[in-house]
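I have a structure I would like to understand better, so I am pasting it below and will then ask my questions one at a time.
Naming follows writing order (A, B, C and D), and every chain is counted from residue 1.
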């Protein structure tokens, strides 16, 4: 079985490779990393290749800049590209933030600009994939996952499953909070990517959502993922929002927090990633794979520790994270298992290959899962993933205000895909104006115009 | 037949009385104006009473400060009160505007504060009405009409119909634009008060909505009600929004326009109304009903001419309006017919008394009219109004983004009614946070807190 | 204004003409009766023409066998044809009855055969009409009204409204039973033609359906239209079925009753109509229009008095009716007003010409009226009929078993229209097999085969 | 883990026990057969107990007539009782058949009578179970499975899953027909027990339902389960009905076939089962477990070979089956694995114990699976069965005529449960009248009356 990674020099890839091999879940005969950027091939790419060797599977990981070669005979493809790199993300966020609007990687104007840059590029790769490996399944992590998966699902013949670990990790945390065996948990979850709610959480057949809502203040202290929400609001809602809903529930607080912090998450990530690539490069110059891993894992740790801190607290908390990680000292490359969205992706692969069919929350064609959306829309819901494909579960009633937000956001997504596919700048602005976080069509036109100017060639196709 | 006007000293009442009598549509044996404010009784109230005499129906209009007397044996009651007066409206708008949020009489935080002040007072009047005239029909103009009608419909035994002329006047203008006979027009309209869309407009059985959308630029020049919308946006939508949708489609532009104008509409209206009452008082001091009417109609004309100008153009255009009206000279009390929402109210009365059953756009219990809302929700839709009551028409598909906005706004309205009825300040903030124009629960809490402080006794019941 | 009657020699036409002129509702400048059958032109046709003269409007009614001439410049067209005449109806009923299946004019296999004979003929007339009078409105009484109207609505450009007086006369009787002013009644009714239920009946805003159900035994004695239903069943249903629902609620009882009576209603009507035409012919031979009217009204009275007696009681009660009518003696042509479905048709005309817009129960395009059917399906619901067209009201929840029957029957109707339009005999049998009263596809194939054999040229187009 | 079998002397139990043990799937520490009937304990019961010994698990199977003992500490309970035994089934069928109505074990009046006998008895057992083993899961095979599961689900606190192998075995046959790997199949199935349709059948992601419909004539020859349906009807439907839909699609043909055969399936089964018990008894008298098994498997084979032959072909084909089985000679007790509904039940157990979560078609609470039914209704749909419980998949559009039949049949089921729980004979007749195969309320009253008379004590609770 061959796995190809589109965006194989991405910063998360070395950790994934290490987890995959260390945990023995590497059922792939071949892992091919496709990476067109030379610096990435020489740093994170090389680190992935050498990690395989260090962990006893030399040759298992290959690195290439040739897409056709990468796709040939692939069974599964991970897509994790970032068109325009981290620098483009900073622009995405700034254009919105300086107008007092949520500027964030995937939600609102930032996600819109990112999708506009990405869709044409990814649809191009899908053409090659459909030709080189027509039976392959594309597992999409490329953000904004919902829109991108909708574009591929509606506009190409490629079989696609969009993956994000936000809902499953939220469920894991809730199980942890209650001390429940995750296997005994039955839940209801539904929405769009980064806009989903948990409406039921039963343990061994007994409904516990009431307990979770009653104890929400405790839950906020238990885990940062719940910290940003107003307990009374959550209780009134009767459902637990996943963390990205924060941008919809607290846009003004987010904008104020970033202003206080002085820089958006994107700006921090840009700096951390530059430091990361430089650190790996020097480590390889000076030593070997162990040094490179140590530099890598230090910076990835800092990145993880500071996740969403700026957005909710107005302070990126990086200094403390650096101190803590430095005190802990270097870590060797052994150990670990794939977690995060790569972990979810492996569950999808285990299901589709019929090795271990089961329930996974994925971004997939709606069918009849959420009755208020179209069958062809891509939604984020639990599905049975098995040898025959992906079958969404029936989702019961969501909170009514959630239905309102989802209805409007999905309409934004449909219009955005249409704009990207037709290359229509005017339609892109009208699409953005439909987004719940955008205060009107006039400002939407201004932002699209500024994005076109600042993203140059990436948005030149829009007319 | 007896008509009682709750808020009988309101500034629109003299014009209504004059139109009613002049046009011969005054089928009421008795019109009783209930007005607790002395200044109003002495100015607008007196003007209404004397107008009736001047037009040949002396004694037809009575004025009282006693609610029980006003309601006794009433067949129909108009409700057009404003709790806190024009000054409260200025506060409603300011609290939102200084946070960069839409501050407007009926939409967003302003409408929320107004509803919170009004619901307990109006439910109190409903108690008296249910006792004194249990069969009476309450025709509600009190803003925000949708929320207030929902509160009365859900929480009292009073038969209520909410009335607003925005959709019908929009339809009239469209018919005028096309040169069509209004009797030949068949349309589809649906939504909530101040949040409705026209999705079909047929003349003599032939669909013309496509023509209207194609010629939208022309339509903008034809009438100010269409001027504020982006033609491309409207065309993409496939439906014509009614004018208050502007606040949802252009919140940032509205906030900027008010900043440019230097004062909100509420502030202008406060000044115009003070001037109006003072003008009537001096006219009565100096002369008689003709002078009072002349002063009145001049200032009402200026008010009408400047409607929505600040909000869309950033300039209240009052100077020009004053000049134009002054040049036109004084007008006598004869002529006119009830138009605006009083005209719609008379259509409702003609239907309910079986004199002339027909189609009227009203705010009424949804039933099965909009399938995505609850049967008990109050919606704004065309209905057959006849001797048996109000039967809503079946409304076909609205634009999907409209469904999103309506779903969310209706949830805000339900929660707001609950907050007002239970007197729960926390819930009021959570309700406000659900509104599509409010950027989050934190800022909603701040605004509710500030409203409670500044509106003193009117919101003292919230705890 | 010109009214054309397709099937102008139909037995109900003279009574309609008389009512129209006597009541002064004859706002038509010209009434043109189209009748291709010579015997009918010489009897009922001549009677209609001469009645106009006798009632002071000589020349108002014309008679022709030329369709183009009949349709030219028509504003409204009534369609009341019967392809194959009364004899075909007898066959329609027999083929089903001898298999122990409901054999009835409009419901079940009988209605299916009638629709198959009629649709091609009526679509042919619609072609001529669309050419000769493209703006005319076709008011369809031709049975089975629901299927026929669906065929015209879906497959031609002619504006069509299907009319049946069953629901409105049921409502009139209920008002009569309660002693209520019909103008004060508000009701909910929905379904398909001859398959509809009344789910709400309010007088002056007060719901009385509970009273009607509680007193259903009394209601059965009050009027024969309610007599056939089981009171406990109706109470459990929570709604009042209209009389044709009897064939769905009591098929076995109906089949047994016809067996007991020895002849179906169709056979009786065939004999009564032959007697009627012969009676008119002899009356004209022997005397004049007064004698002809007297013969006519005697036999029409017997026909009306024996309506549904066979089906529910197993005895056509004709002997008693004849005796009663004979004892009452001859009646002159004056007096009367259009009632029955012609009365409903005039309400439709009054609405569409904007003379008197109002609520009429019609067979029309569903739109969003019954949410569980398609927008393009023809349904029987109250609608606002006005200058702009026909706007269905929103119908709330019907009983769940009614939804089941309607869903299945409408699917039968859709398939039947498809079979008639494509001339596919196999599909006709499959359509018939979908009907709730038909016990399977094998017996449906047998019946279609027998109908094709016995109806000769009328069904020769099916292959 | 303890498994209790309610109806442990049922004729299928020995085969199940043998399959369970032979296949090594016997993960139960204890299997307790509850059987109140002495003859059954001495024949089929004893055979089950001794089979366990013969297959190397002596003591694994226990036999008791004490319900509390049987339920104590049970983890899973199979319910497979037949109140009134095979003789009652013969009455169930006769009462309907002699009126020309479908008389069948589970569908129509027969199923109604069976449910009325069974519900009070099984709810009584549920009371005991809820007390003795509150965490146990009841897996219900007791027919009619849909109604009985609905009664337990709505009216008791017992966790229940209804199981039938009709849909899964149909899917297996379709996979066999196409030569497809069952693991690669993705399908859509939905409906009620014995009233379900397969609307999609994809292999490796490729839709093949079109192929199956195109080749339906071949499919009919391939397997008897498809033989009874009209290929043109099935193609027009666009879905494959499961075999019991035959009674809805061909009631007249079924009634005629039974008349031709001279006896219903129930009468045959009554005779076969008497012969079976007698055969086992003599075998135990004369020899041992091997002889008893041989007699048992011979008669069970004849029973299986003649399944549905009478109903579709009008000939029970028993003579040929006996000859074939006799020629094949005796079979020893080894070999086999649980199939049929016991096989499905073990899949449910494997899922609920989290040993092997996966997709199983079950009768379970609807939730949002079939949007046109209530969340609380029991439906037959594919569900993810896992440690957390049973989560139904989202089912897309069913054929519209299927929706009609399901809507009406489910309403019959709801009303029937209500009648059984309240003991209301009148309501039982009204419920039966709602069933699509019952021609009216009058005949329904007659049949309920006759059932009460002939079933004596079993229906004495109805008043």
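What we mean here is this: a contact is a pair of C-beta atoms (placed from the backbone, for glycine too) under 8 Å apart; a residue touches a chain by one contact, two chains touch by 3 or more.
Keep in mind it's a predicted model, so treat the numbers as computed, not measured.
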Inset, instruction - Name, by label, each chain that touches both members of the pair chain A and chain C. - result: B, D
Legend entry - Chain centre separation (chain B, chain D; CA means) in Å: 63
Legend entry - Cα-centroid distance, chain A relative to chain D, in whole angstrom: 46
Inset, instruction - If two chains touch, include that pair; go through all of them. - result: A-B, A-D, B-C, C-D
Legend entry - Touching residues (chain side chain A, partner chain D) in the complex: 159, 181, 183-187, 202-205, 354, 357-359, 367-369, 371, 375, 382, 384, 386-389, 391-397
Legend entry - Residue ranges of chain B touching chain A (in the complex, touch as defined): 99-100, 230, 232-233, 236, 249-255, 372, 400-401, 403-412, 415, 426-427, 430, 433-434, 436, 439-443
